[in-house]
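Which chain is which? They are A, B and C, in the order written, and residues in each are numbered from 1.
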Amino acid sequence: MAYSLRALADYLPTVGMPCTLHGDAERQVDGVATLEDAEPSEISFLANPKYEKALETTSAGAVIVSNDQPIPDRLTVLRAADPYAAITAVMVHIYGYRRHGKTEIGDRAVIHPSAVIGENANIHHGVTVSANVTIGKNVVLYPGVYIAEDSRLGDDCVLYPNVVIYDGCILGNRVSIHAGTVIGEDGLGYAPIGETWHKIPQIGIVEIGDDVEIGANCAIDRATLGRTVIAKGTKFSNLVTIGHGTKIGEHCMFVAQVGIAGSVNVGKHVTMAGKVGVAGHLTIGDNAQIGAMSGLMKDVPPGVAVLGSPATPIKNALRSFSLVERLPNLHKQVKQLEAQVEALQRAVDARADEKQ
Amino acid sequence: MAYSLRALADYLPTVGMPCTLHGDAERQVDGVATLEDAEPSEISFLANPKYEKALETTSAGAVIVSNDQPIPDRLTVLRAADPYAAITAVMVHIYGYRRHGKTEIGDRAVIHPSAVIGENANIHHGVTVSANVTIGKNVVLYPGVYIAEDSRLGDDCVLYPNVVIYDGCILGNRVSIHAGTVIGEDGLGYAPIGETWHKIPQIGIVEIGDDVEIGANCAIDRATLGRTVIAKGTKFSNLVTIGHGTKIGEHCMFVAQVGIAGSVNVGKHVTMAGKVGVAGHLTIGDNAQIGAMSGLMKDVPPGVAVLGSPATPIKNALRSFSLVERLPNLHKQVKQLEAQVEALQRAVDARADEKQ
Amino acid sequence: MAYSLRALADYLPTVGMPCTLHGDAERQVDGVATLEDAEPSEISFLANPKYEKALETTSAGAVIVSNDQPIPDRLTVLRAADPYAAITAVMVHIYGYRRHGKTEIGDRAVIHPSAVIGENANIHHGVTVSANVTIGKNVVLYPGVYIAEDSRLGDDCVLYPNVVIYDGCILGNRVSIHAGTVIGEDGLGYAPIGETWHKIPQIGIVEIGDDVEIGANCAIDRATLGRTVIAKGTKFSNLVTIGHGTKIGEHCMFVAQVGIAGSVNVGKHVTMAGKVGVAGHLTIGDNAQIGAMSGLMKDVPPGVAVLGSPATPIKNALRSFSLVERLPNLHKQVKQLEAQVEALQRAVDARADEKQ
């Protein structure tokens, strides 16, 4: 379906994003693309200044830019305060989100008679729903999903193929879990007895809040006792793993391959970039920002941005990085000083000899 | 089921853990919880001194503590030499381990006629057991498990949903593998021919010893030739990967996201914390301890603890970390020295001029 | 099947690898093994000088070595310019690659009527082939594989158990994907609105070129707009993840646990060792070589080898590593200099006092 730019300019304010249109209001667009790839029938956007040059060469029919962005005269633009939020709204308007076709093969799923399945749930072939499980309304369970005993899923959850939920776990409403992710496996809990490891029963659960989205092939340990928690609104990328008993606050964002040990407390709205590692039993304050590949061995206070392994506040970390690069120079300086000091010493000693 | 503290105090010595009870021996507990979460009907424990303060405020009905731990008068305690081992024993006593319900849907599994299945094996729907596979007694194969040709599983193994065992692999007795883990995929074996990569057939296998437990979404490469080995009693967390031909000794413990390249020899009882990386063809000695996020580029002798990337003995590593943090100060010191030496030089030169 | 050494010496030149045979040409070998494990009926090879000593003790019936390798007199050897390429050719000759048994249980797969399935495709039980999917000739889909709507697979692809392909993705010919890997899940695309994250529809796809092989439990994000690309001939090990919109060139080789953020451009024939991390929007030039555990925060020019986190050219990185190790010494030198300079200052001051 095609939309005139006028129609989009009329739409954005209805979702809280005032904008102004400069150029041909009747031009039609039917898709969204990057500045590089966009064709005249598509709308694009500039959010990252790194791509500013592409404004010169883009074939896009229109571009969403910030209110003060200089643009070539020929361009038709929609100006908005936050172009990234505005293009997101346009994408939702034009494309919507993934539609989950109603399956006709639910009779090949294996559903325990004691399970309670909500209205309009969409359970594909090869799915297992075990004893005493509760599944909310409109839930989509793709093929190969396994839900163990006593687990509960809220309404409107989507579990992509081969997701596994161990026994007793609780998912809120609108939880999306991408393919291959495992929720509630046993954590690494063993008591050392001599040189062997004696398994500690892992009797806790995992609790996941509303509107959480988890990427592919992640693994979230159940708690040894009590709960491992992923609070509402939090988003994970792929291959993230969370240790037993760890609690992640609301609206956090973890990039791929983050790994958090057990018994950690992470506050609200914490961002962790790719491959961050967090040692056990730490506390990470609200709104902390953890740079890529950081290794956390100490608590992080609220609002602080850290980087490095071991992590330090980002300014220190960047200074350390650059000073380490300048170490060859420092070594040279010290060597020169040693030579100078030795020469001075000889000069002073010679003078003293003269005087004797 | 509830247990009196007297009953627990009588039980622990029967599993090799003498203890003494201080307080109300008739008090009943029916569960185990952390100091923070425990209710009066639950028993808790103090093993990590970090949580000592919680003794003041806990509502637990009783707490297992070490023999010399100071405690508030009001607390009922069981004193034991190793509180962590003691609470583990109590947990096993009260809860036991996960029970695997006998499935009634085995007729939906696909089992090759040449496969040999042990007594009382519990094979769920959607499982594949291929030609010439041998499955031991009491083995549990959850839905989606795939066992390729010629593989052999010992007795009492548990493979959680969607575990995949490639062809020809050998698992001992009592091996537990959590959901999504893959055993025996081809390693990254290619001969470079010009700019292209020519695949080397991966004809070896993976052999896993008795009592090994492997977390979720791990990947263990088969050997190019011979065997990749995970020896008995070793435990892995999630997202661990082991390269082709690597041999891991007995009773090792690897935390999540450890990655070991090919042809590595790891001794017995080696611990690797989260995200450790090990380069190919190295030897890691018995009882070595590898700190979180370490990168190993050299062999590690037996019994040595290392840290850092590249890893060095832990004392050096911690000193390097702190010296790097002090680099700004060192730069300042060198700058001052340069100024001082220059001033001295001027003074000495001036004196020399005077004398001429 | 057994082969005489003469037969192997005759075979290698036919695949472009001239060789010379020294020793008993009629000796028969029926397998390939490492120098350490090989028996008299097996042929071995020496490619890594680290294992040269094993030539003294090997029981192998013959060994492939380089043209100038000194050898014990007793050994029967095949000399070739590239022993690694030669043993690869011998392995392919003796063993071939994994054979994929024709399944007889395809009637338990779920194949949408609109899907187009090529000749001789081998679709196992529990597989899902969704609407409008195209599957090429001779494709093997193992149990638990899920192919979402509108995806296209070329000829001769092999998807191991539980591989998931999201909607609209395109695979070339001869693509191999190991168990548990997920292709085309949504990337981590959210617009921040206040403290919450607003999901950006991920409407792009993943396109994978001919002859790509991907390890187990990887995750390749679909593009937000356009395509995430893995170009032809590229090989990944396990647990690799690629962010949305990233483009990987031809004939790259990525070791396990590499993680690349979104919108990255990686050139041709780039190698990344284990656990490398790459920040978003970077450009990595053709033939770049990225050392293990490196963290890339800047572009890498073509042909450059980098190491470290943050990564620098490998010479600098190794020098920095060694200078960091020598920091305790540098601190000591600076302390000594300070003492010497203070003493000199006192001496010079004293002289000045004398003169007054």
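By our rule, a contact is a pair of C-beta atoms (placed from the backbone, for glycine too) under 8 Å apart; a residue touches a chain by one contact, two chains touch by 3 or more.
Small disclaimer: the values here were computed from a predicted structure and weren't measured.
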- In terms of residue numbering, is the interface formed by subunit A and subunit C classified as same (over half shared) or different (under half shared)? different
- Note on the structure: Two copies, subunit B and subunit C, superposed on Cα atoms differ by a rotation in degrees, nearest 5, of 120
- Note on the structure: Averaging C-alpha coordinates per chain, one finds the centres of subunit A and subunit C separated by a number of Å equal to 25
- Query: Out of subunit B, which residues touch more than one other chain, so two or more?
  - Reply: 126, 144, 162, 180, 217, 239, 257, 275, 309, 324, 327, 330, 334, 337, 341, 344, 348, 351
- Going by the contact rule at the top, pick out the subunit A residues touching subunit C in the complex. 32-34, 37, 48, 50, 82, 84-85, 88, 91-92, 95-98, 101, 105, 108, 124-126, 142-144, 160-162, 178-180, 213, 215-217, 233, 235-239, 250-251, 253, 255-257, 268-269, 273-275, 292-293, 309, 321, 324-325, 327-328, 330-331, 334, 337-338, 341, 344-345, 348, 351-352
- Item | Residues of subunit C touching subunit A in the complex | 110, 126, 128, 130-131, 144, 146, 149, 162, 164, 166-167, 180-182, 185-188, 190-193, 195-201, 203, 217-219, 221, 225-226, 239, 241, 243, 245, 257, 259, 261, 275, 277, 279, 281, 295, 297, 309-310, 312, 316, 319-320, 323-324, 326-327, 330, 333-334, 337, 340-341, 344, 347-348, 351
